[in-house]
Amino acid sequence: MTQHDTLILTASCASRLGTVDAVTGYLREQSCYVADMQTFDDARAGHFFIRAEFRKPENGDFDEAAFRDGFSPRAAEFGMQWELTERSRKPNVVIMVSKFDHCLNDLLYRYRTGQLAIEIPAIISNHPDLQRLADWHHIPYYHLPVTAETKAEQEAKIWQIVQESKADLVVLARYMQVLSPELCNQLAGWAINIHHSLLPGFKGAQPYHQAYAKGVKLVGATAHYINNELDEGPIITQGIQTVDHSHYPEDLVAKGRDVECITLAKAIQYHIEKRVFMYQGKTVVLGS
Amino acid sequence: MTQHDTLILTASCASRLGTVDAVTGYLREQSCYVADMQTFDDARAGHFFIRAEFRKPENGDFDEAAFRDGFSPRAAEFGMQWELTERSRKPNVVIMVSKFDHCLNDLLYRYRTGQLAIEIPAIISNHPDLQRLADWHHIPYYHLPVTAETKAEQEAKIWQIVQESKADLVVLARYMQVLSPELCNQLAGWAINIHHSLLPGFKGAQPYHQAYAKGVKLVGATAHYINNELDEGPIITQGIQTVDHSHYPEDLVAKGRDVECITLAKAIQYHIEKRVFMYQGKTVVLGS
Amino acid sequence: MTQHDTLILTASCASRLGTVDAVTGYLREQSCYVADMQTFDDARAGHFFIRAEFRKPENGDFDEAAFRDGFSPRAAEFGMQWELTERSRKPNVVIMVSKFDHCLNDLLYRYRTGQLAIEIPAIISNHPDLQRLADWHHIPYYHLPVTAETKAEQEAKIWQIVQESKADLVVLARYMQVLSPELCNQLAGWAINIHHSLLPGFKGAQPYHQAYAKGVKLVGATAHYINNELDEGPIITQGIQTVDHSHYPEDLVAKGRDVECITLAKAIQYHIEKRVFMYQGKTVVLGS
Amino acid sequence: MTQHDTLILTASCASRLGTVDAVTGYLREQSCYVADMQTFDDARAGHFFIRAEFRKPENGDFDEAAFRDGFSPRAAEFGMQWELTERSRKPNVVIMVSKFDHCLNDLLYRYRTGQLAIEIPAIISNHPDLQRLADWHHIPYYHLPVTAETKAEQEAKIWQIVQESKADLVVLARYMQVLSPELCNQLAGWAINIHHSLLPGFKGAQPYHQAYAKGVKLVGATAHYINNELDEGPIITQGIQTVDHSHYPEDLVAKGRDVECITLAKAIQYHIEKRVFMYQGKTVVLGS
């Protein structure tokens, strides 16, 4: 079998007897083989999460629309929010950058070697600097400069490109502009930002300079979903790097690059593999 | 609800349509709430593994024997090997040591504070040194000295204590004797050893001295099940510690202690939580 | 040679040509062999730090007082703050605890096995719970209960014990009381606290509960010197532990124990090996 | 001051009174400011190592040839092997690759952004695949296919390119050919290889497949100098990645990429910063 035969079903709902069986029983009826499954039951909140990877029946007799129609009433019975995704479908990811190119370079490497199974219909930047890198990968590069006066207009263009690209995900790969509340709202929950600190420590501008001033012995990176508060969205994953007294802010900037790249790539991987559920301002990440 | 209401069902069998449903469907029928579940399907070997934590019905109407009787034929249909365990039952763990006490001290701390939910009916040693530590914890200490001539006899006594203690698990917490093939066979798969190297590197005696001679920049520890080959049993978990040129063998010994303790404790935790499956000389560890 | 022949000389001063030579030249004159040396020059602040381990002359001809007298004028020339310590001298460490015993248990283990080359003249607690553990190690245990009304009096007793113990270092091994500004001032720079978060994140009470609420994917521990602001003193070292959505606050508490123990022990080790310099609210840690 | 004013002096010799002073005293005489210094004294082997970064006199009065001439007799007195390097001089690094491009891509990124202060006069490969990547960075790419019959001839060409490039260092960035003893001898000690396992575990071909077969829970990468035994040269640094039962060999290959890249880049950084001393088949790495 190949990835083309594999689908991912994710669901969440209030905890109640029978939630797992609602999913697994249906998959059994449809003759779908469960290749990988994890659940999480939040006993405090009384909420349930499930992720199942399954293979279509071996006889080839699988109709996705019919599958959805069949599952809908069962999900409704439990008040489930659910999603069904082809494992092999590559989501459209729009990447936003400024001048720092390490995360972009890393994502493009993973993209062109297939490690990250995505399409990149557009790269958007407020600076022209990374055009050549985009060109080499044959990806359209949109240079949208921004000033306080033109911000509304620039963000409107961003939103237009995101829509026209049929983006499934937006990635802020060190995009150094604060988004307006409007754009934050539009992107909330389906845009991932990489922040170069261990949030909630060192929010806002120049976190490595803040870390230097404080004399910490560890710096880190946090990949999180955008919401309408700066650097406050649900955290997906975090990584760290040890440092010492000999690292000036510019050294921390350099030291942090690798962990930023790896943390962002990991978060995108979790997202596109449908492992991440947002819930109460936090995330549940199944099977990571 | 409490842990007293929770059970763990683990099962494995050849991969086949319906394996998950055989478990989850039955739990649904029995009105048991699935609190946590993971599966793994080894596509290469065609083998399936499942671990489910579930709560007894809220009406209190649960009969374990009846539950077992009901599940047996379904499991048999799939050729499943399965186990049912009360979450709150504390397994009997017999600990074997020599003179090094760091792992024993660590395990006893976790035992007396309840972090490690075990009973320790016996500590066995070929040296008298750690008697006082055992006494302080009110645990019977068996000093069984051993020489080449008395080895068979000594091991017979070990085996007797293990049996009389109704041990569910034997832990070799830096027991510095090579076990005979007979005892290895008796303990295969239910005794955990901590070896102070990243196996398969540096098997056998004095791994830290081997590591020093080789000039490695990382040392580690491996917790594995005993089988009939020295330091070759299925690996449960491994931990590491960075080192450098300034560490002489005795420094590596000191540096490695923490990671040995943590690695061994983690392996025992996985084992008693029924997360570990042995298969083809390796382990599957679900939900670690 | 043994540790009895080894001394540690540490010094710091404003950066200026000749600082290293002032130390190394003198050691050469005194026929002392430099076994280990590190320097750090803070180019931003223009400040210099040096730590040298050296062995007394092989002919046994070493007079510590004369050595000090000889070095004093040279150090004065550079405005050096300096310290000379016998490597083999075990400092007196007073430990303060409340009810949580994991750090105390860990420190006592390292103490009784000699891994941590210290004397422990006193354990002070605001609770009686850990008396038995202290007794087993033959260490005086001072139970000093505290209320808002008796705080001044209780702290006066603490200070008295610290002084009578000729303490070189005070360790707050999960002492769950906020010290008064007076006691903080008295202990500033020679008391080490372990805080169970990655400072400056999650200061104050219940950091694991704060971490849970925020949904972080890493928790950590910070060992720092006490100063007159809560959880704001110079950081010595930090450690981390990965966590996920399944960890409730009480799980984080459990998960964090090992990293708290290791982080605190490491900070004490650095301190007693004279590796730590406090400077501008931060630390320089040489040769860690 | 800038890096242009900074030099690195490294030296090693048999342990003897006065070794440090021989270096620091001379630097003082020459009015050179010591910005960073570390020493290591191998008490077992009786061998001493020192690395000092220093700044030229502020009056600009520095003659490198005269400096060398002045230091030579002092070094000779102690039998020192020593080296003097301009901090700002970019060494020539020839990179050898086959088809896997992750390490090359990573090194080229660090090269073009200046993180790795090197020149790359040539990339040599036994396959044509990575030509385009080299072209984009304007680096000459030498495609030298190899068969058992042509190996001697191909290696002669490699050697010629290495010499004509005035290479200071050769990096085998996943070059998948075993070098002949002759070429190994020519490159011994100044060629760095990245091996995708934690040596000495899993030497030779397909280490990830070996790791899979063994069921290890950690994989890693080792950067080491080439010598005349396969995968046996002095280890510079090692990195690790945790894995589990769900990772097939091809997953380990994917998982290991990041740690291979980072480990290799770190080793090159140590090497060009003159931190690495080879000694008795191992390395001393100062100030890492």
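Each chain gets a letter, A, B, C and D, in the order it is written, and its residues are counted from 1.
Just so it is clear, a residue touches a chain if its C-beta (ideal position, glycine included) is under 8 Å from a C-beta of that chain, and two chains touch if they have at least 3 such contacts.
All figures in this text were calculated on a predicted structure; none of them were measured in a lab.
When the C-beta contacts at B-C and at B-D are tallied, the pair with the greater total is B-D. Where the sister copies subunit A and subunit C meet, the same residue numbers recur on both sides for over half of the interface positions. The geometric centre of subunit B is 36 Å away from that of subunit C, both derived from CA atoms. Note on chain placement: the centre of subunit B and the centre of subunit D lie 41 Å apart, centres being C-alpha means. Counting only residues that touch two or more partner chains, subunit B has 36, 40, 43, 246. Touching subunit C in their complex are the following residues of subunit B: 36, 101-102, 105, 109, 113, 115, 136, 246, 254, 257-258, 262.
Of all residues in subunit D, those touching subunit B in their complex are 40, 42-44, 198-202, 214-218, 220, 234-238, 240, 244-246, 248, 281-285, 288.
If you check the complex, the residues on subunit A that touch subunit B are 1, 15, 17-21, 24-25, 27-28, 31, 33-41, 43, 287.
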